[in-house]
Amino acid sequence: MFLPKLIDEDIVRWLKEDIPYWDVTTVLLPETKKESKARIIAKQEGIIAGLPIVKRIFEFAGVNFVAKIKEGDKVSKKTVIATVIGDIKSLLQIERIALNVLGRLSGIATTTDKMVALARKHNPNIKICATRKVIPGFAKYDKYAITIGGGDTHRFNLSDMVLIKENHLRFFDSVSEAIQIAKEKTSFSKKIEIEVQNEEQALEATKSAADIVMLDNFPPVQAKIVAKKIKEINKNILVELSGNITLENIESFPLQYVDLISSGSLTHSVRNFDLTMLIE
Amino acid sequence: MFLPKLIDEDIVRWLKEDIPYWDVTTVLLPETKKESKARIIAKQEGIIAGLPIVKRIFEFAGVNFVAKIKEGDKVSKKTVIATVIGDIKSLLQIERIALNVLGRLSGIATTTDKMVALARKHNPNIKICATRKVIPGFAKYDKYAITIGGGDTHRFNLSDMVLIKENHLRFFDSVSEAIQIAKEKTSFSKKIEIEVQNEEQALEATKSAADIVMLDNFPPVQAKIVAKKIKEINKNILVELSGNITLENIESFPLQYVDLISSGSLTHSVRNFDLTMLIE
Amino acid sequence: MFLPKLIDEDIVRWLKEDIPYWDVTTVLLPETKKESKARIIAKQEGIIAGLPIVKRIFEFAGVNFVAKIKEGDKVSKKTVIATVIGDIKSLLQIERIALNVLGRLSGIATTTDKMVALARKHNPNIKICATRKVIPGFAKYDKYAITIGGGDTHRFNLSDMVLIKENHLRFFDSVSEAIQIAKEKTSFSKKIEIEVQNEEQALEATKSAADIVMLDNFPPVQAKIVAKKIKEINKNILVELSGNITLENIESFPLQYVDLISSGSLTHSVRNFDLTMLIE
Amino acid sequence: MFLPKLIDEDIVRWLKEDIPYWDVTTVLLPETKKESKARIIAKQEGIIAGLPIVKRIFEFAGVNFVAKIKEGDKVSKKTVIATVIGDIKSLLQIERIALNVLGRLSGIATTTDKMVALARKHNPNIKICATRKVIPGFAKYDKYAITIGGGDTHRFNLSDMVLIKENHLRFFDSVSEAIQIAKEKTSFSKKIEIEVQNEEQALEATKSAADIVMLDNFPPVQAKIVAKKIKEINKNILVELSGNITLENIESFPLQYVDLISSGSLTHSVRNFDLTMLIE
Amino acid sequence: MFLPKLIDEDIVRWLKEDIPYWDVTTVLLPETKKESKARIIAKQEGIIAGLPIVKRIFEFAGVNFVAKIKEGDKVSKKTVIATVIGDIKSLLQIERIALNVLGRLSGIATTTDKMVALARKHNPNIKICATRKVIPGFAKYDKYAITIGGGDTHRFNLSDMVLIKENHLRFFDSVSEAIQIAKEKTSFSKKIEIEVQNEEQALEATKSAADIVMLDNFPPVQAKIVAKKIKEINKNILVELSGNITLENIESFPLQYVDLISSGSLTHSVRNFDLTMLIE
Amino acid sequence: MFLPKLIDEDIVRWLKEDIPYWDVTTVLLPETKKESKARIIAKQEGIIAGLPIVKRIFEFAGVNFVAKIKEGDKVSKKTVIATVIGDIKSLLQIERIALNVLGRLSGIATTTDKMVALARKHNPNIKICATRKVIPGFAKYDKYAITIGGGDTHRFNLSDMVLIKENHLRFFDSVSEAIQIAKEKTSFSKKIEIEVQNEEQALEATKSAADIVMLDNFPPVQAKIVAKKIKEINKNILVELSGNITLENIESFPLQYVDLISSGSLTHSVRNFDLTMLIE
């Protein structure tokens, strides 16, 4: 999915942060020609994401990396995820960065997968979407992990899609004016989404034919009513629900009436996937 | 704490990630000379961290930022954290990055503060420490948030302090040999810590006069016994407890017998601090 | 449109390329406290694009820049575009880079504007679109100039929209399979376009409900027939014509039957806009 | 000519611009172990420039590149320029950047070659020279293409040679003073050129022994007279003609009396070389 | 000691500085398939430092590098340090940068080694330390060369250790207050050193249990008296002497009474190690 | 001489090297609104170089810098070079980098000035030249300091001038062939220098009209004989002497017969200029 060499610039930055001069511990190890072998092992159940990136990190340090499972596989506790073989000093310098990446991305994928499973019990076509609430500088990888977990990236960034939010809307006379101007000024190649605060706005957006209407912080009951009305007017418009939806509360929302659920918690409050690396 | 211009390189990177070409939504807004004003408001209780960084982000976009509280203050729900005034287009382009930084750092500080408070009920001198389980590329800010929450950064990186872990130890004949070599080869300017797996190693490390002995994944009862023995031998040696210690379980550990508690969860499983920006 | 400080990284790169050590000519000038004033003057008729970028370049060198026209204005020969005032040594070091940017972007905007005018004589709603045939490293600015000339950027880059081209299609069983997979695997936030080589593919794409169907190198007569058929099946599908369409030959295409014309020549074979800077 | 790894920094920048997250189209292709093969084919006659750079771009993505012609060769329509073999997803992600580079550089080389041929009919020793009117950030490659087309780079940048232009001259009392100061203050390692506006200045520059005298925008007749006078005074001084000289009008200039013709159009108004990549 | 790929970013920067466009001399050489071989030869006696870095520089250019001695070996005049084999054009482009690095680092190591030898005649446990008086941008390599010469790096940078100097001290009420605050606010992972100007301060620092006390510019006689008093109070406190100590004058200091000697001259006034590269 | 903002990229790099996280010492200082003032004072006699760069460093940290002397002035011991006023924490973080730059550049300028003075006693027109034996990454500043000391930069880098050295010459049939090819293939904008090993080569180079002939490691007597012969044949050819010429031995060379002396020691074995910063 990523051209391997395009990840290198990030790897250099990550490693320079962790080794600004040199690793004062591994320099103490005796010189040896013998290669060391280690296994990366899951300490919990879940979905593994980030193998191609972690492979590149190990290779960056001259360490051979062999994945024992496939990207996106569900593993159980004690599953061997990968083996790595190489110079022990390189291996130990790179270990923490690699596990930090794998732990975060697998954590995101695991929670996404759970949320998808819960939501699809109610609506097999629903999509669980990320937001832009990612770690600055790490967005590409956070979004990637969402897809591995079965989720939808939503727009990557501000250049990707028009999304007229409440703070934009106050500078237009009306919802319909905002959508009208967006359609005139925006490239044909981009979709137009609008975030609405109430039923009136939602229906106006629908009539103006936005591509996606986001119901922002609607209580579940009202969300259901409005989503149905939108679909009755134009079934091609996608309806997105947003606002503090988490793994814990998702089933309280009218999942069978909407197309998209977006959840900031997937990336802004990640629960790290528990991993360890054991040297043999 | 940071030279403001040294943050800019990160800000550029974060913004280019989020605006690789241009923001296709804010370009739709009408031109106006009038400045807009917005307030950043807490939606939960906790410790705010990251104000100097967020100030720099807004100023980077030409937006004036005035903090209404001090870095590290404890706020309650609805507290106004800061006001920002400036061109609405700049403000809206920068909003998400700023809130992402402030939300993460305040989240880290808030949890750290809680963990410090819990631990100090038992031992007023104990330090709650971070680990290197941070987001790659974001370590400087994660570590900073720990200090604002009243925690200890632990070593910043691999160049900072010697920390001989289990994976290093297997390449030495003994704990004492490892410490001996570290003392010979390491700059006088650095401390030497060793991670041990059992009492025997712990006492050997103590006799070899490591600066810090880390009891790795010791059950609470054993941790207490070993910590006491270390202190009886040499009260100047710092004792660190480590291994899946979290806000939830910290009080089950023998806090009054140790100097340092390190917890990866402080940075690898952050709960974002809930914030919003409201335009007036 | 651009956050000014986000342009600086490019300006540094451009200037370091042109002044790797120092300017060996301006160091010869006598020291003076007196500021110099210069005017940037059009030597041809056309649309000016790039003023905000050029303003930033001059300001980068501490030179004051005052635009005398608005971005996107049509100027005639001898129009004063801007005045600049500042230290003569800074001004002369920066002059060439500034004019190179302004000349290229205004050249792109001028040709785009002409092509839009020609096409809209036949179809007032048609859009003239760029391609990805831009200068590597300069895409953001090339695309921007297209919009100033009244054109459509088309997708910014490969992360922006799905565009299934002939070289992709050979790896699918059929047009409809390709579109089906795209719809399943792609984020809801992105449109799906397909390039087709013949009528059969075009109609299959239409029935599969691609968002945009691009008729690649269709002869004008055939393009007209196919475009009409597409619209009869689904009037919401956008039809794009592509393949060596230039300012010279555009009127030979069935402009009233299609929505989009894309032309690589707008950015890959730019005619520079003729400008000069005169010191008073 | 270039150390291959020194091109990589540019390649990374070019690719990140075109793939800021990932290519949303090639991810749709089915996984395959089979390598794909493609040919890069000329669609017009001309000189090919840029093969070493394009080779490095393909190799950057792990694709094997075999040139079928030599750098600088003249090709005719349908000539196979190179074959590439590799993973189809990598190949398709890299294709556009590679063709953009090859198309621009071959376009520059082709026009340069034509202008050299025209000029040398009149003066076998004349040199066709580039200017600094290049694309910012792409100067190294633009200048390189000039040499492949048989032209002269002129100075690379402002650190390379002294060139006193009209805008500098106004800060000196006279042409001779300017040249005198340049000789005193400039490193022995650099040549000194001066741009003159009239015969008087030209002869003063000659007597002051500038290395090169550039006749700026002289009408052909006057250029001939002045060039002859310069050579009569000092045949070692090089005479350069400059000012809107293009492929179309070059033969109207007194080519047999001058040493150098410089033409901004070679790089600021490039006609792209038409190429295609066909997958087998 | 360094991950090889982490050196590459520096190599790119060094080479771009020396070859901003291309090497106009080596392009003149005839094409050849034949590889050239050269030897790098010492022209003086001393310690060689920098082989892993220089190896990486040559490999960066595709040139094979085989060290004939080990890093840190003492060589005599005419010793062959390494042989390099590869394309002559690459080899000649890279030669100067490689020799500049090897010459500086070996120069530092050679002087350090001499100073260590002199000092250890008087005190076999004394450490000769660098300072932060390095070349900006080259600190990592300067510090590394110190270790190869048998010296101590001292702190790498300002994030590494607390060092309270005279200019800091004036902002505290007393030496003991400064040390007290440092102990409270600083991470357990860092040592605390204080620079003192007189005996009174030195003893106060000793009683406050700073980890290291630096006697700044103390005359030898006084240094001896104060060092002895410090050790009598607390033998675990390290005593550092600093202030214009050089290879020439080091033996005039009371070396047997102190632990550490720091000398800025080791890195700020380096005598280059004389080397040459001969092509066979 | 430098555009101030073009220095910033280097300053950022230098500071990040010295403050990878934050300065753990200055964070201990109490907060104060009061600005601190300091003076930078010479502790030796010599030429000061680097003021514009150091000014930029202090301003980068928000500290006001006022030079009390002019760039290139000769100062005596205790001369106040500049005063700086600003926030004490910023000032102390930046101090060392600033002094490192000023110390090195003034050291280079001081030695250059001495060598120029010595040589001009014998030949008032002789130029003392640098070489490419600079610190990698610091070349621009090292070369700049040479000019402030009254020296000549020689070529900046490999793209600047042709210099055919012994290692190149072995790939040509003869000196004259090498020069002939250089004249054919090199841009008119560059000079051509050749390094020769004996009289025969020197005279052949002279007859081939190289711009500069460098006598490499010629003994003084032979250098004088050959230099005279070159000048008799063509007085316009510059003669350069090179090979271990230092401040100590320069007067033993035939200075009145040559134009240029180049000395690697000026930059590869710099004696730092002794400076201090005193806070008032």
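For reference, chains read A, B, C, D, E and F in written order, and residue numbers begin at 1 within each chain.
Everything that follows uses one rule, which is that contacts are C-beta pairs under 8 Å (C-beta built on N, C-alpha and C of every residue); 3 or more make two chains touch, one makes a residue touch a chain.
For clarity, every value in this text was computed on a predicted model and none was experimentally measured.
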{"item": "Graph distance between subunit C and subunit D, where chains that touch are linked", "value": "1"}
{"item": "Most distant chain from subunit C by Cα centroid", "value": "E"}
{"item": "Centroid comparison with subunit F (C-alpha atoms), farthest chain", "value": "A"}
{"item": "Interface composition of copies subunit B and subunit E: same or different, split at half", "value": "same"}
{"item": "Between subunit D and subunit E, centroid-to-centroid distance (C-alpha), Å", "value": "45"}
{"item": "Chain centre separation (subunit D, subunit F; CA means) in Å", "value": "32"}
{"item": "Centre-of-Cα separation between subunit E and subunit C, whole angstrom", "value": "52"}
{"item": "Multi-chain contact sites of subunit D, meaning residues that touch two or more partners", "value": "8, 17, 19-22, 27, 93, 139-140, 153, 156-157, 159-161, 187, 190"}
{"item": "Footprint of subunit E on subunit F - complex, ascending", "value": "10, 13-14, 17-30, 32, 38, 88, 92-93, 95-97, 99-101, 103-104, 107, 132-140, 157-165, 167-168, 170-172, 178, 181-182, 185-187, 190, 264-265, 268-272, 277, 279"}
{"item": "Subunit E to subunit A touching residues, read off their complex", "value": "1-6, 8-9, 139-140, 143-144, 153, 156-157"}
{"item": "Residues of subunit C that touch subunit A when the two form their complex", "value": "127, 129, 152-156, 159-161, 187-191, 193, 212, 238, 259-260"}
{"item": "Subunit F to subunit B touching residues, read off their complex", "value": "8, 12, 15-16, 19-22, 27, 60-62, 90, 93-94"}
